[in-house]
Amino acid sequence: MKRILLGSAAVLTIMFSSIAIAHADVLSQIEKRGTLVVGVKADYRPYGYLNPSNNIVGIEPDLARDVAKALGVQLKLVPVVASNRMQFLDQGRVDLLIATMTDTAERRNVVDLVPPDYYASGVNIMARKKSPFNNWESIKGAPVCAVQGSFFNEMVARKYGAKLVAFKGSAEALNALKQGRCAAFVFDDTFIAAQLQQQQWSAYDIPLKTIDSKPWGVAVKKGETRFARFMSGMVVHWHVDGEIIKLQKKYGLTPIAYSVRMHKFFDDNFVPSAN
Amino acid sequence: MLAQISQWFIWLNQTTGINLTIVYDSYDRGRMIDGFLNTIYLSLICLVISVIIGVIGAWLQRSSLKWTRRLVQGYIQLFRNTPPLVQLYFFYFAIGSLMPKIENKYGIMQPILSNWDWAIISLSFFAGAFNVEIFRSGIEAVPKATVEAAESLGFNRLQVYLYVVLPLAFRVCLPALSNNLVNLVKTTSLAYAIAVPEMLYVANQIWSDNLNVPEMMTFLLFAYVFLVGILVWAMNRLERRLQLPGYGG
Amino acid sequence: MKSRNSVAKPTDLPVLMPIAERLTRGRGIGLSYDIPRLQLRAWHGLFLLGVLVFFSASAWAQQSPDHPATLAQAFIRWMPLLLKAFVFNIVMSFLAMSLGTIAGVGLGVMQLSPTRPTHAVGWFVTQFFRNAPWLVLLFFCMFLLPFRFSVFGVTVPFPDWIKATLGLALPVMANVAEIMRGAVASIPSGQWEAAHSLAFSRRQIMFGIILPQCIRRMLPPWMNLYAILTMATVLASIVGVSEVMTQTQRVLSAENRPEFIVPFYAFVLLLFFVYCYPIARYTQKLELRYAVRD
């Protein structure tokens, strides 16, 4: 009897006790295990989406592949959503986040957002062309679809008084918009612009002035300075080479102003060494 | 007093990092109270509807028409053997899109049933499928002699059902029923998936905004255990009040 | 059927028939003779297929002409992915059930312990995990467990699907403990006394006499729990595990065709029905069989 009790107690202890987490510099860990684990979006076409053979492809997976190549290791992509990505990074489930994440002060408290930023987007809404929205104040009280975990949700609800209907991912939110369950969908303007290129959204547009235009950052776990420095180098290299502009063209997007500006800035001010 | 409590929680956040915004931030507090009330509201409505579905279903299952019985049986099996989450998605995104639409004030053709409505429908039907079986087994515990006695007193079929069979059957199946209703309250958290602002949904928004997952998670667990505790207590009281002399220990 | 219910004291009021114990189990309730059993025959499958074809046709009717892929093509293209994902759900359900059962039996034994503190702890843990929503427990394990841990210098990785499995095993554990408690309580206390008088120790009575009898009574509710667990594995989609629901949503996102939603979701429902319905039927059969033998 006693042994059984001890046994079950041990099982419970293992299940509930907080367990010591091994700690070492993430860069040496990556080298040791020979794999780089990157958190990317899987429902954010064309930045990260699924193809029929169950691989995640898109602009950000391509960037991740570039990082793995530079490190000389294998790449493993982990799909993340806005509401879990920072937890994943914090727990060490992923080494690196390239997941459409906007660089905000609050997030800088939690993760290391590597300078410089690699992309930029602002907040806008996607709505039917004939809808009455012409400024941000006009969305007050309107049911607006959103994605759980977007940083601007709170602002849109608190400042502009929209009635948010937040879903787990952008696919559900777009569905709800299409079915007329919300009057608009509030999200990154880059995403909306990419959607609007498709024929099925021809009756929709992006009616408001983009606000809160903010850059996207690549994130590493807080305190991983060596890896953060390495990633800084990678992002600078992408801007110098116009890598991101090339990728946008590859996936059928018009390069955004931010990419063009950054490319020009780094091209003018940064002289690469030998190669 | 309230301000002092808020101050203390702000201090707690600054010193220990335990960030319970739902106490000191009035916006988060308001959201969470709404979420809590919404969970109760959703639970109560689904509870009532699912019991009604159970009663009607159990009655239909005793119908003399073979196809009525088959239909009820089909409904039960379909809802019991598929995941409630997928049912919810199916109702909301799939069936919901086939519903008639009316124009709202934003000039948008909006489906007539909202996510609230679909959550109520889907969860009620899910719990109702179990209730049918529970009520049926309760009805079967009522002896034929009692029914015949009632009939000989001039009750018609419906009256026998309402005044004799159901009150007796209800007492028999109370334990099973309360079990199922507890499950229903827990299942309301699924409405999160279709953006019904119940407790889990609100908690998720708060932890997305404030990055305080462990605090919100702990709060959620205790809030649900509290709600379920109240329901169990109420059902136990009901059971004691309805107890028949000579039955139940 | 002879009454094995000890609570039905003799009374001169012929109010209720003996209340079969299986009523209180909630789900697994045997069907009586006048209720048609839903027996799946070939035409049922055809009917379901017909429903699918109907929705496909309606989807096809809504389809705009500039899209190349038909629904059938889309299904063929994504079927291997979805089926693989469904197998993953089953694997998760097996693991969670095994873990939950082992822990649950331990917890059940704790609850039956004569020592007060052990009993109290067992009772509290059982009630807590039984009354918390599965989805909340899943979130709990997902976000609060580390992604790997070290035991005696060995680092064990802890991928998210294992965390989800643990999250599902917690409520299973509490439910198994409860099922076990109920089954042990259904064994007449005379057996304990008789065994005591034959000088068996408590442990010998529990494992040699009481539990073997309980297994038969525990089997139907245990299988029920398994079916519920299998259906709960889709909850893992909400926390980002790549199981069948997640993959379906990704497929829908990749196809970007709102008219595909109905058939794809219907397909997921069908997958679970085909898997869980036979289990439910078998459970009913077992229950009826045991009920007669009692």
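When the chains are written out, they are named A, B and C in that same order, and each has its own residue count from 1.
Rule of thumb we're sticking to: a contact is a pair of C-beta atoms (placed from the backbone, for glycine too) under 8 Å apart; a residue touches a chain by one contact, two chains touch by 3 or more.
What you see is a predicted model, and the numbers here were worked out from it, not measured in a lab.
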### Query
Quick check: more C-beta contact pairs in B-C or A-B?
B-C
#### Entry: Chain of greatest Cα-centre distance to chain B
A
### Query
If you average the CA atoms of chain A and of chain B, how far apart do the two points sit, in angstrom?
36
### Task
Express in whole angstrom the distance between the two chain centres, defined as the mean CA positions of chain B and chain C.
19
### Message
Please output the residue numbers of chain C that touch at least 2 other chains, ranges allowed.
### Response
143, 238, 258, 261
### Task
Would you pick out the residues of chain A that each touch at least 2 other chains?
87, 168, 172, 175, 179
## Note on the structure
Multi-chain touching residues of chain B, meaning two or more other chains, are 93, 97, 193, 213
### Query
Which residues of chain B touch chain C in their complex?
61-62, 66, 69-70, 73-74, 77-78, 80-87, 89-90, 93-95, 97-98, 130, 133-134, 136-138, 140-143, 145-146, 168, 172-173, 175-176, 179-180, 182, 186-190, 192-193, 200, 213-214, 217, 220-221, 224-225, 228-229, 232, 244-249
### Summary
Interface with chain C, chain A side, in the complex: residues 1, 4-5, 7-8, 11-12, 15, 18-22, 42-43, 45, 49-52, 54, 79-81, 84, 87-88, 91-93, 168-172, 175, 178-179, 198-200
### Message
Could you list, by residue number, the parts of chain B that touch chain A in their complex?
### Response
27, 93, 96-97, 101, 104, 106-111, 114-115, 193-195, 201, 204-205, 207-209, 211, 213
### Task
Would you tell me which residues of chain C are touching chain A in their complex?
64, 66, 77-78, 81, 84, 102-103, 106-107, 109-110, 113, 118, 125, 142-143, 146-151, 155, 159-160, 166, 170, 201-203, 206, 238-240, 242, 247, 249-254, 256-258, 261
### Message
So in the complex, the part of chain C that touches chain B is made up of which residues?
### Response
6-9, 11, 13-20, 22-27, 29, 32, 34-38, 58, 127-128, 131-137, 139-140, 143-144, 227, 231-235, 237-238, 245, 258, 261-262, 265-266, 268-269, 272-273, 276-277, 280
